[in-house]
Amino acid sequence: MKIRVLTFGIVRDITNTGNLWVELPAGSNSADLQTLLQEQFPALKRLNSLRIAVNAEYVTPDTLLRDSDEIALIPPVSGG
Amino acid sequence: MKIRVLTFGIVRDITNTGNLWVELPAGSNSADLQTLLQEQFPALKRLNSLRIAVNAEYVTPDTLLRDSDEIALIPPVSGG
Amino acid sequence: MIDIQILDTPLSVEQCRNYVAADDAGAIVEFIGTVRRQTQGKAVIRLEFEAYPAMALLEMRKIAEEAIVRFSILRVSMHHRTGILEIGAIPVVIAVSSAHRAAAFEACQFCIDTLKQTVPIWKKEIFEDGEVWVAAHP
Amino acid sequence: MIDIQILDTPLSVEQCRNYVAADDAGAIVEFIGTVRRQTQGKAVIRLEFEAYPAMALLEMRKIAEEAIVRFSILRVSMHHRTGILEIGAIPVVIAVSSAHRAAAFEACQFCIDTLKQTVPIWKKEIFEDGEVWVAAHP
């Protein structure tokens, strides 16, 4: 399946796009996505943290992804 | 000596004046004043606290009073 | 830097905030007291605040000075109202600025807590069936 | 009652305070973040804030809901700014009202502390010689 990944802040700088398209086997989970992206963009491994959000909620590594989900990479937040 | 005592809040209600004139022997201290006033106005004894201020500062019971001082009776405060 | 005022006109929260704002400040914490329509289940009609102004100004300044010594803060503004206050009116505003937020929270709470203990200002609650000087009696 | 906003225009502290004001409130505590002219000894030219708005609004609402459950408070207003902010500008305002002041202080501090941990908003500091996404790297 082809999923779209929203990027923000330093992740957008690293990936050089706000909308990353990724090809993943059906049945992939959040950890699979993270592993794939960290291989593709090694700079992501140097971040303090990298969380994945699905449909605007933080998810655990075993959360299954669907191509209809809104998926986002969340680097360390620094609001306020 | 004749000293003037400023009163506020419930103390003004009890004494029925904002400026109380009191006759005290020279060499009297803050505790003497308090005792005299509590005899004259027994309702003062029922307050949660009654402090004396001299020249706009809280003083201890042994503080000597002079007739040139600005003396005030401070009932329990409740600002804010 | 310290700004202390006792006023018999409506307080301006903005004036307090503008006083404490500073290029070195990352945080401003403001405490705003407001008149509640009830106290201990009883309907309040209005409050009346009376101060011993000369001494209240001195005591408020002492509190602000102690806050600056004890906490790492930049500026403090404390304004207290006197006179008749209706429901919703503002008896007190305390604004504190600091580089980092924890100090501003601590200092602001210290200022209002101490003000309520030491500053010679008295509040009378007026109910439909009477009135009472707050905290006067056990 | 909860008011959550993410805005790319200057925040109004008054709007937040007016939202939380209530006849049952005796205390309002406001936290106002302001852009400092320096960070860790280095001069800041400006900040840029970016949000993932849909998720940031949800996370801010969760914080406000938890504050209402955990503390005895009445209303919460949380506004966060996005875009370019100069020195002295206000990235965030949090206002909380409660019957008594201790709860308002606790809840307001809880809201800003948690916002900084969970809400997907990112701050870039722009210096004369470069720029950095805050907290991104160890």
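Going in written order, the chains are labelled A, B, C and D, and every chain counts its residues from 1.
The criterion applied here is as follows: a residue touches a chain if its C-beta (ideal position, glycine included) is under 8 Å from a C-beta of that chain, and two chains touch if they have at least 3 such contacts.
Bear in mind that the values here come from a model prediction, so they are computed numbers and not experimental data.
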item	value
Path length in the contact graph (chain A to chain D, fewest steps)	1
Approximate Å spacing (C-alpha centroids) for the pair chain A, chain C	48
CA centroid of chain A to CA centroid of chain B, Å	72
CA centroid of chain C to CA centroid of chain D, Å	23
Contacts with two or more other chains, residues of chain C listed in rising order	33, 112
All touching chain pairs, where touch follows the definition stated at the start	A-D, B-C, C-D
Interface residues, chain C side, partner chain D - complex	13-14, 17, 21, 23-38, 87-88, 97, 99, 101, 104-105, 108-109, 112
Complex contacts: residues of chain B adjacent to chain C	6, 8-10, 13, 46-48, 53, 56-58, 70, 72, 74-80
In the complex with chain A, residue positions of chain D that touch it	33, 49-52, 54-56, 58, 80, 91-92, 112, 115-124, 133-138
